[in-house]
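Chains here go by letter, A, B and C, matching the order in which they are written, and residues are numbered from 1 within each.
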Amino acid sequence: MSPTARPTRRTVTGLGAAAALGLLAACGRPDDDTGGEAAASAEPIGEGAATGSLTVWAMGAEGEKLPELLKGFQEQNPDVTVEVTPVPWDSAHDKFTSAIAAGTAPDVAQVGSTWMAEFVGLDALEPTPEEIATDDYFAGALESVTVDETVYGVPWYVETRVVFYRTDLAEQAGITEPPTDWEGLVELAQAYQSQADATWGISLQPGGTGSWQTVMPLIWSGGGNVVDEAGEAFTFESAQNEEALSYYQSYFTDGIANPAPADGTTEQDFVSGAVPMFISGPWMMSAVEAVGGEGFADKYGVFTMPTKETSSSFLGGANLGVFQGTENRDAAWKLVQYLSTPEVQVQWFAQSTDLPSLQQGWEDDAVASNEKFEVFREQLDTALAPPVVATWEQVAASFDAQIEEVCKNDLAPADALAATQSEAQGIGTGA
Amino acid sequence: MSASTTATGPGGATGPTGDVGPSPAAARPRRSRRGAAEARAGLLLALPFVLLFAVFTAWPVLQSMFMSFTDMRISDIRTPFAVDFVGLENYRAAFADPVFRRAAMNTGVFVLLGVPLTIIAGLAAAVALNHGVGRLRSVFRIGFYSPVITSIVAVAVVWRFLLQPETGLVNTVLSWVGIDGPHWLGDQRTALLSLVVMAVWRNFGTSMIIFLAGLQAVDPGLHEAAALDGAGRWRRFVSITLPSIRPTMLFVLVTTSIGYLQFFEEPFVMTSGGPLNATVSASMYTYNQFGFGNYGVAGAMAYLTFLVIGIVTLVQFRLMREK
Amino acid sequence: MLERRSPVLTYIVLTVFLLLVITPFVWMILGSLKTQGELLQVPPTWLPDAPTLDNFRRLFDRPFGRFFTNSALVAVAVTAGNLLLSSMFGYALAHLRFPFKKLLFVLVLGCLMIPGLVTFIPQYVLVVNLGLADTLPALILPFLVQPFSVFLMRQFFLGLPRELLEAGRIDGVGEIAIFFRIYLPLAGPAFATLGILTFLGSWNNFLWPLVVSSSESTYTLPVALALISTGQNETDYGLLLAGATLIVLPILVVFLFFQRHFIQGIASTGIK
């Protein structure tokens, strides 16, 4: 690869982030402008209120609502002007990379959770100063902002995936408690088909773009992983991974999930009962309720991903990052700090229904009161972020293609994993 | 007089020299002052275009060409000159990539089927509107053009519905005559064909309005004379209309081919390249490579596409005997 | 004029095709009046169950006037520029001899064949280096001349007779004047077509304005629409269709304008 003389800081920590966390938590104090000991890799935030001007980029709905949220920050720091530019999610990644290329990146921005490693690799983001405490974040969320044992930015909000199921149809099929393990999930799906007139027991993506987000949790839940502990090499081939992929394949070969589903019918199928189970995130709640109409909220429930060794799920959401080259570093980090307090996170939830990334934020009634959110809360404890590797998008695409072969062409899982492994090695980790 | 049928380069100028007053056309060509005035005028007319073009298009193109011969990745965008020159390595890698080869084949099929169909549909519509319809012409024109301007979201929803295996309109109609329709978008054998049909539907409007413009320049006097001689409508179409619109035809052929060789939206929105790469196009695959940050490789793929487009265009120019 | 055989049959056939072709367009407009719940239904509904103007109301929560003005200014400038500059160059390519003519044509045509993706970032960096980032000129200048336009005009002018040129020279008209006074007025049909196509391309342009603008004040309509309707994991279809419907209206206006004012009858082309 190219022999530029930049130091590489892009090896990745997987579950070893927990250890790093401990070290970080030992220094610095939360929410304190007077700054603690100097961090090894990040300078402390200056004292006093923020001044100057800041440009902030935020996507979609967050971009629209952020100015409202920042009024509190404005009151605390009257001498600073914050300009929020809302950016569409569509092609946002292209906009960022172009801006980084041309040097027109903003001071602070919302950064998609899968972009962190890539941007760090571009030397685009600043490491997080010590003053911002990171011990209260969900483990998986913190992982997603940690590259090579250094934390860049902070998690802002999170989302994770759980199993949505029709409770009324399940009762009809004689099942009153949601399943907890792999076998239980298969049983429920088959019960739907045999006793509740469902065409398919569960909606699963048979490979193709993004299917790794459903398969990886099963791999994790079985104790496997696709990168090693240090995040330096890919480990697609393993007995646990093979078991998980076989389990996934069995849904298609046993006629439980549709190997050729039509696009965009998930909500409709769920409401009609044709396919009464699927795996997705919190936004689907309002979607199915919109299609299902009044009273539908009582006809379905959610439960955490089935357990093999653990119950794991995909952790997504977005992070906040400060860009290198910002001319107002202090104000930028103060803004990030402000958005990272539990109170503001709760306030944000009220405005946007984005789930707080701080565990303390969940203790507030507004969040805790929703029964279905309880399940998401539980899942967040064990949800994991995808490998924080700069080349992950490309490796994942390769994995998606192999998963498709497994689901549609009956390719043996072992072969699929071997193929993915060799392609992934060819791609490298971008280090 | 009719419009010239075959276009060759401008012929020599005959006639008086200079811009002085009228004098009878001389038999012998006097080129020098005429030629100089012509050349000056030509360059002057060309200048604004060429200048803007050089700055905003040609220069970036050169840069990107350079990029395709290096191992540039997204991590190098701040230091674009600190990359390794790898010569034709990216090009070789593209050839060796089975997915890219598949994408190239898909693109080829798409073009071979889609371009003729689009041109035929566009020409038929243009002729029908030009000669067969008096009033309501605007209505039809806009109507046939509407697929071009409809939001791709609406297009996708409606076409997905049409092609759905169980409840889709196409299969429902087929079942009335006892045919069990396939899973159009989900079956590897039919997915690409479905996208071809969708693309023809989407794009024939553009060909139509270009043909409409070209047809305007056809002299009706020729048609009248031929009709008086007893030539039928089809005969007149083939012998008069078609030759008269040859430059237009070349234009439509070239631009439609270029467009289809770069087809992107249909597979991107409808199938994401699936199932199992049955509909991935060269452009889409290149776009993915850009997304992954493999700028050198993506550049090579783009320029390979360019080479193919160039060859195809050249052949088309030759076929239509243009320069 | 040409005889028409059974015009009724022609009309019927054309109408049937028209109805088939126009369906998604009509669905788009109907869809803008539906709720998200209804839009997610399969099979898609046709007439809205409970028509609502809510989507349009939400559209105007944002400063749409600003976005519209930006889009309009850019599209008009790009269209006008293309029509003028491309017809000049296209005419020269078709009927005049000058040095480097063939080379220039090949180069320009060549760039038509290069996938736009590949020049995107170099073009953006160039614009930034020229100090034009986040300005309207940055949205206009790179598109002011396009290979497609000059190619179209060249072909069109090739279809016009050379005799006019000869006659003009005999009459002592200057070369440039020949273009402006004799050939340009005949370019109506080509202008109509090129005008519509250029306007459409500029109006719907999404990626470039997205990348070039770093503040909302320079956003164009497609960017604004994507902003409010596409989420991280879900899309607000009602908003999207309402926006798409509104965005398409000016295109229809421009289409009608060009078709009416520029398509002349055969009789008035002045060819003797």
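Operating definition for what follows: a residue touches a chain if its C-beta (ideal position, glycine included) is under 8 Å from a C-beta of that chain, and two chains touch if they have at least 3 such contacts.
Treat the numbers as computed from the prediction; the structure is a model and nothing was measured.
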Per mean C-alpha coordinates, the chain lying farthest from chain B is A
Of all chain pairs, the one with the most contacts is B-C
Cα centre of chain A to Cα centre of chain C, whole Å, reads 40
Cα centroid separation, chain B vs chain C, in Å, comes to 15
Chain B residues touching 2+ other chains are 77, 157, 164
Chain A touches at least 2 other chains through residues 94, 97, 101, 103, 262, 264
Each of the following residues of chain C touches two or more other chains, namely 42, 121
Listed in rising order, the residues of chain B that touch chain A in the complex are 71-79, 82-84, 99, 157, 160, 164-166, 183, 185-187, 270, 272, 274-277, 288, 291-294
In the complex, chain C touches chain B at residues 1-5, 7, 10-11, 14, 17-18, 21-25, 27-28, 31, 42-44, 85-86, 88-89, 91-99, 101-102, 104, 107-115, 117-119, 121-123, 126, 141-142, 144-145, 147-148, 150-152, 155-156, 158-163, 166, 169-172, 174-176, 179, 188-190, 192-193, 196-197, 200, 235, 237, 240-241, 244, 247-248, 251-252, 255-256, 259-260, 263-264, 266, 269, 271-272
Counting only contacts in the complex, chain C reaches chain A at residues 35-37, 40-42, 62, 120-121, 124-125, 128-129, 133-134, 206-207, 210-211, 214-216, 223, 226-228, 230-234
The answer for chain A against chain C in the complex is residues 55, 57, 59-61, 63-64, 83, 85-91, 94-95, 97-99, 101-104, 106, 112, 159, 262, 264-265, 267-269, 281, 283-284, 287, 290-293, 316, 318
Seen from chain B, its contact residues with chain C in the complex are 1-4, 7, 9-11, 13-16, 19-22, 25, 34-35, 37-46, 48-50, 52-53, 55-61, 63-64, 67-68, 77, 128-129, 131-134, 136, 138-151, 153-155, 157-159, 161, 164, 167-168, 201, 206, 209-210, 212-214, 216-220, 223-224, 227, 233, 244-245, 247-248, 250-251, 254-255, 258, 262, 283, 286-287, 290, 295, 298-299, 302-303, 305-306, 309-310, 313, 323
